[in-house]
Amino acid sequence: MTGKASMLSLLAKDRFASAAVVVLGFIALCAAVGPVLLGDLAVEQNLRAVNLPPFSIGHGWEFVLGSDSLGRSVAARLVVAAGTTMSVAVPAVLLSLTVGSAWGMWAGFSGGWRENVSMRVGDVILSFPSLLLAVVVLYVFTPSVANLIAVLAVARIPVYLRTARAEAAELRSRLFVDAARTFGTGSGAIIRRHIAPSVLPTLLTVAAVDFCFVMLTESSLSFLGIGIQPPDVSWGLMVAQGRQELQTAWWIAVFPGLAIVFTTVSAAMLAAWARVAGDPGQRWRLTLPRKERISA
Amino acid sequence: MFPLRQATPSRVPRAAVLLATGAVALTGACSVGGGSASDAGDTVRIVLPEEPPTLEPCDASLTATGRVTRSNITEPLTEREPATGEVQPKLATEWKQTSPTSWTFTLRDGVKFHDGSAFTAEDAAFSIDRTVSSDIGCNVDGYVFGDSELTTKVVDDTTLEVTSAEPDPILPLRLSFVEIVPAETDAEGKVREPVGTGPYRIEQWNQGVSLTLARYDGYWGTAPAYASARYVWRGEGSIRAAMVNSGEADIAVGLAPADGAGDAAVEYPNNETSYLRIDATKAPLDDIRVRRAINYALDKEGLVASVFAGLGEPAGQVVPDGVTGHNPDIEPWPYDMAKAKSLIKEAKADGVPVDRPITIIGRNGIYPKAAEAMEVAQNSLLEAGLRVEIKMLDVNAWLEYLLRPFPADIGPTLLQAQHGNQAGDAAFTMGQIYGSEGAQSSYGTPELDTLIEQAEQASGPERQEKFARALAHQNDEVVRDAVLAHMTGIIALSPNVEYEPNSATNDEMRLAEMRPVN
Amino acid sequence: MADPVTAPAEPLLRVEGVTKTFRVPGRSRRGGLRALDGVDLTLGRGETLGLVGESGCGKSTLARVLMLLERPDGGTVRTAGVDPFALRGKELLAWRRRIQMVFQDPYASLNPRLTAAQLIGEPWLTHRDIVPPERRAARVRELLELVGLRASDADRYPQEFSGGQRQRIGIARALALGPDVLICDEPVSALDLSVQAQVLNLLADLQAELGVSYLFISHDLSVVRHVAERVAVMYLGRVVESGPVDEVFAAPAHPYTAALLSAAPSLDAVREGSRERIVLKGEVPSPLDPPSGCRFRTRCWQAEPRCADVVPPFEPAPGGPGHRVACHLPLSDRAQATEHALQ
Amino acid sequence: MLTFLRRRIISSALPLLVVILGVFFLARLTGDPANLYLPLSATPEMRAEFAARNGFDQPVLVQFGDYLAQLVHLDFGESLRTAQPAAEAVLRAFPATLQLAGVTMLLAVVGAAVVGSLAAYRPNSAADRGASFLSATAASIPDFWFAIMGVLLFSVTLGWLPTSGTVGAAAWVLPVATLLIRPFGVLVQVVRGAMVSALSAPYVKVARSKGAGEARVVFGHALRNAGAPALTVAGDLAVGMLNGAVVVETIFGWPGIGKLMIDSILQRDFAVLQAAVLITALTIFALNILIDICYALLDARVRQGVMA
Amino acid sequence: MTVAMEVERLSVDVRTPAGRVRAVRDVSFTVHSGQAMALLGESGCGKSMTAQAIAGLLGPVAEVAGGAVRLDGVDVLGLDPASRRKLAGPGLAIVFQDALTALNPVYPVGTQLAEPFRIHEKLSRRAAREKAVELMDRVGIPEPRSRLNAYPHQFSGGMRQRLLIAMAVALRPAVLLADEPTTALDVTVQAQIMELLAELRTEQRMALVLITHDLAVAAEQADHVAVMYAGAVVETGPVAEVFRAPRHPYTRGLLDSVPAAGDRGTRLRSIDGAPPELADLPSGCAFRARCPLATERCATERPPLAETGPGRASACHYWKELADG
């Protein structure tokens, strides 16, 4: 069995995971080429064709998902927004994942006061109203994408910190870790070689769900005006702006909302699959026909 | 199957009740608010966007406070008629100017405060002093009187003399903001639940939940139709609208077109005018051609039709009709993109750095779809050949840009703003917004300053004419802003209630004008 | 591996008076768990020392101390005359190469996410100079074959192997650094009988081939009797008896050793008919609160008052040379033991 | 157990201080509130007066010292907005959120325990996959969307429930449902995972071998063992709820602390913000300890310090 | 002697990546009241699976594919779940290997010991706890009353195993399945537990099915033995006879693998290779790849479990040669 080929064939056997890959791939494609192809269409206002209802191509294919209150194509904005959203959500999630999990693994592996202090720092962040943090940072600095990412990442670090710490503390006493110590392997190398590969799958699952949180938080920040700045558009901003019109033009907020849901659910499904597929001890389960599979 | 749209508990489906009561039972008693679920028909139920922070009359120039307090709980000496702009008697029956700086008011007899005490000139003098000359930081003081000082003199129980340091031709109008409270009121601090002479008194303020006013039986004037009024507040416009549609409220205020009030929606001009303030001190905005181009480039008709959902009226000046100083000759700038482009090109040819990025400083929620409006503006200005970015801010951050001193290190800006002249006189507009040193002004010219100053001293028709001239000068020679539209407000009105909103409704919502249908 | 520092008389491994107390939450340091309480051991070059005892007697803690996974509170550990706890950096790494460990549980001691080749090559990621990178794949294949696996097994994951094969991987990994001493902590107790025999044979072959010494920890007396030349018996953190395997097994001097030998089930039941056995009363006392004097006295059938007062010294036993016992009333032969116990 | 709690309380007190400190200074970084509270045309004298009245003319460190001194006397300062004591506003709003969050968490935990257990009972059955998919979806539905749609459907169109408010049992349905979806979705997944492993534990077989019925096996034996991970996550979700019930409180006019906190951030009403954060931090602190106690009640090993 | 339980041609299938695999194949044996039967074999040979199939505790991936388990003449495999639950405890009980995980960590042992009485005899909480005290006393736990509210982790391994046994014998079952009851225990404790089981057996006239991999334990405790290999029984008979003169090469190989006194330093005779994958059983005899006696016949013809003497049977074509050689 060669790595890549077998992974692909495993993936093909799981309908849910394959669907998730297709959805995420499509979104990635939109994010990558959407702004180039549809960038103008997404900002082109047509004040004489506002709030067109969706599922009609009477006004041209670009209005298949309706138009917003400035007569812009919702479909085009969705596609372009995918890029902005991903450029915020992905780095934010990755950043909090990286920092939180590295810190958590270190804390859990080291134990003692390091562990205690780390947990307390996590407590502080968690019991802090993250919106205050956001308002402060984006007030003192400017609401740029980088600051947005930083704020979202900091607010979510404790989630990974806690999970990683708990798992690392458990792994710390595992025999294979002891074995590595007997070779003289340093702590850093043990974390890298033994702790991280075991902890990351769980963290990835957390990260998948966190995607949603980050996108929705970005939406509330946009609503306060400290999120993505127009004419850039993100799903969160679309949701925030469309929220005012839920009663009269539901599609403006619902489609980006659905995009968030789809992305999150797909990411969660894929993470669940990857968790099993990435574990050599569990991988065989995926080769079973669906009906006969038992769960991890 | 669902006979009534009333959410009395007995009509809620069993499952829902079970679920909820189970939940309540599990956490012990959980009733958060008091009050009965069904109000009799003699209560008018009003849903506001926010809870009044206080009912302190000397802060009544705050919309959230004034909306409840003014003319309901407390009353001023004079009252401005929104329709005509005329100043009408209220607790004062008549007044006359006895010298350029002093006025004598004759007060109404037989008026009683809610605590039963009689209203005298003593009370009126106390209220004016408390509002204008005290240290308690009254909002009305700053809003209406600025740094001008008043002195009062009680002549007899029904006669009061008010003197200003400088001549003030519109003193009676200014005094329409001073709500009268009994002399026993705390002079050193603010009160949250005032005693007044108004048709309603405060019955119960269940903070966070609801506020009930009850008809005051000893009211000197005509008794209002409703025995009581109950205010609740919901932050979400669509919920406010839904409450009227579901019969939970009779009147919902502060709605946006998209809130879905449907047939219940009633539109009214709300005296607000939206505009973009142009920071004419910085290039390229220091070139008048560019400022003119901006005015030409904005499609006000399109903006009103789309973003404001047809509500509002393209405008050419921040002083609307009905306010002293309105200039009927100033037309909205025509939408002429070609002209805008050529002006920009011309400026560019003269070395004006039109490529320098201009920032639109917007404020979320300043009016419905504020961000979208700025996107439209941005779109037009980009087309005209300028480089424009948007920065939407929350109120406090935005205020930093609105008011002097302005933040340092910012480039050229266009500031999203809205001006409402509640007082009905251009004096409340011109100095602040167009004066070189005005609190909200980023740019002025000596000529304009002179014109404004002259107008402020004038009275009668001369006052109107002078302000109008100043406005015209601004519009032709200074071009310091791009006025967008006179705005329209929406309230939702239940079919059971008869009420006609007017331009003052936002700031002063008179319960006495509401009556049940038949 | 000639080491000029080592005096010829110095045994490869010498443990003297090692104590180790674990802190227990809610108790003072002195009231902690005494896992090791003055342990003495020596292991010579090419020798196999069996270490037997029941769970909780401290034999695994001793192994962990020898591997520097735990730091002792007192006593000395010398490997070829060097105190490993004083070593740092490169010296420590060099020392690590000389002493390696085979773990009890071949399931838990192999990271399930790594392949056999990665597992075996893992020590080289730390000891980079021992095998040049381009040689590593070949060396893994050699090691696999050395422990009786196929070179083609290199890319398989631990869970694709049987228990015995996994233990072979564990052994190969321990051998990757070319150690002089292998600490084998219950290396075959998780294995099936037929496989256990294969692994024991492998260990014997490796010793013959590579000359490694074994500290062979086991609770299975028959296995220890088979592999070890000398044996040490532990009870509650102390070595109670040590000596040549045959002698200790044939004539245990400590009552505990006798009970242990007697309790072990044996096929002889079938061959020789049923026998009487010593069944000890009660439980092993908690190491948190060990009995005073002789640790075994609470379960010993011949305990006297002085057993509670005086810790019996670890002295030569009545039997042959090299046989030592820590008992005030050592048994003289096995028959005597049984006889006393059954009274 | 007491030692354990004492240590936990001591080690959590420091974070509490950091939170107080952080909020104080961060709040002051968000700009001068004078603009918000004074009329646009306010004169410089009025501004100076405002600053003096509220102590903003002092250096921040002096302000902080004053604040701490007041705190010692349980004086939380006065709201800029309402001129009332900040503590009063906070103590009025807090129970409302606590009740809402309490009811929601209770329903979420009970509901997730049942649904998660049933899903785990037959792993990868249709019911399990359905539950997993629905819970993943529930966990990612934008709450305000759910809320407004709920109001449109149940209040405006069907007339079954009031749109908002706090009076009467029916008024609880939509706020609780809105607040419930995400925690419920997350918890179902957690419970399911923990139950899958609990149900494969040997003691479950032992229980069956004693002739125990399936309900007893699942809810009596396995569920309590699956409690710990669910409890951890439920605790985090409850913390999030105290800080994040803003949407629900805003939409449904629920006079809670979340909305109070956001309003006071936007209004730069420092005293109220500080008091609100302090009380939520205290609650979170208490909640964490409560969770520790729950752990101990659930599992004697924790109680006796075998596992910490 | 009364037959307590009769297992007849019991087969169990397991679902694996490669499809359904027969993990237990036509296993038959009989146990009599008061006697012990050892089910002997190495890991993966299907002995635990057999026990779980008999007790009705197979996991979600395994299911009974055929055969009968008769308890008092009734085939328990054919019973509906409710009637089957009625038998669990009074009819058939099981003791697991790992007492730490087999006791529910979150309940006091008293509660767990009382459970059988609560379920089957519908006793009150108090009465059931009294019974639990009796049980603890019965299995030799000192000071039972004061330890009723203790949790499993507060007991030593041996005590835990006693608790587990107490729970199993609470309702005086006709048959007790003991799945490696002493594997995790020290030898001195193992001796105690085995003694306890023997006592209970004689006292309660209970039939014991002892599942073990330890030849010595089987030799000391059992009357009969059934040796399993690759899911099937390869040899049965009275334990003394089987161990003295095995009639299957696998039994022989096992016996030879035990290190014996006096062979130190010599190579142990082990069975070469490893047991076959159940999913990939060779044709004919499953043991032939490792068998020194294997011939071509073994590859084509699966040897049935055939009687080789009174009470003895072997599944080898060449059992005679083995007995002679």
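Lettered A, B, C, D and E in written order, each chain numbered from 1.
We adopt the following convention: a contact is a pair of C-beta atoms (placed from the backbone, for glycine too) under 8 Å apart; a residue touches a chain by one contact, two chains touch by 3 or more.
Worth saying up front: this structure is predicted, and the values here are computed from it rather than measured.
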Chain pair bearing the highest count of C-beta contacts: B-D
Centroid-based (C-alpha) most distant chain relative to subunit C: B
Centre-of-Cα separation between subunit D and subunit B, whole angstrom: 37
Separation of mean Cα positions, subunit E and subunit D [Å, integer]: 52
Subunit A and subunit B, separation of their C-alpha mean positions in angstrom: 43
Per-residue multi-chain contacts in subunit E, two or more chains: 59-60
For subunit D, residues contacting two or more additional chains: 30-31, 123, 148, 152, 266
Per-residue multi-chain contacts in subunit B, two or more chains: 238, 394, 397
Contacting residues of subunit D [partner subunit B, same complex]: 30-31, 33, 35-36, 38-43, 45-46, 49-50, 53, 81-84, 89, 92-93, 95-96, 99, 102-103, 106-107, 148, 151-152, 155-156, 158-173, 176, 250-255, 259, 266-268
Contact set on subunit A toward subunit B in their complex: 43, 45, 47-48, 50, 69-71, 135, 139, 142-143, 223-226, 229-231, 241, 244-249
Touching residues (chain side subunit D, partner subunit E) in the complex: 122-123, 200-203, 205-213, 216, 221, 224-225, 227, 298-301, 304, 306
Contact footprint of subunit D on subunit B as seen in their complex: 2, 4-7, 9, 12-13, 16-17, 19-21, 23-24, 26-27, 30-35, 37, 53-54, 56, 61, 135, 137, 139, 141-143, 146-147, 189-190, 192, 207-209, 232-236, 238-239, 242-243, 245-246, 248, 394-397, 399-400, 402-403, 432, 439-440
Interface residues, subunit A side, partner subunit C - complex: 174-176, 178-186, 189, 193-194, 197-198, 279-281
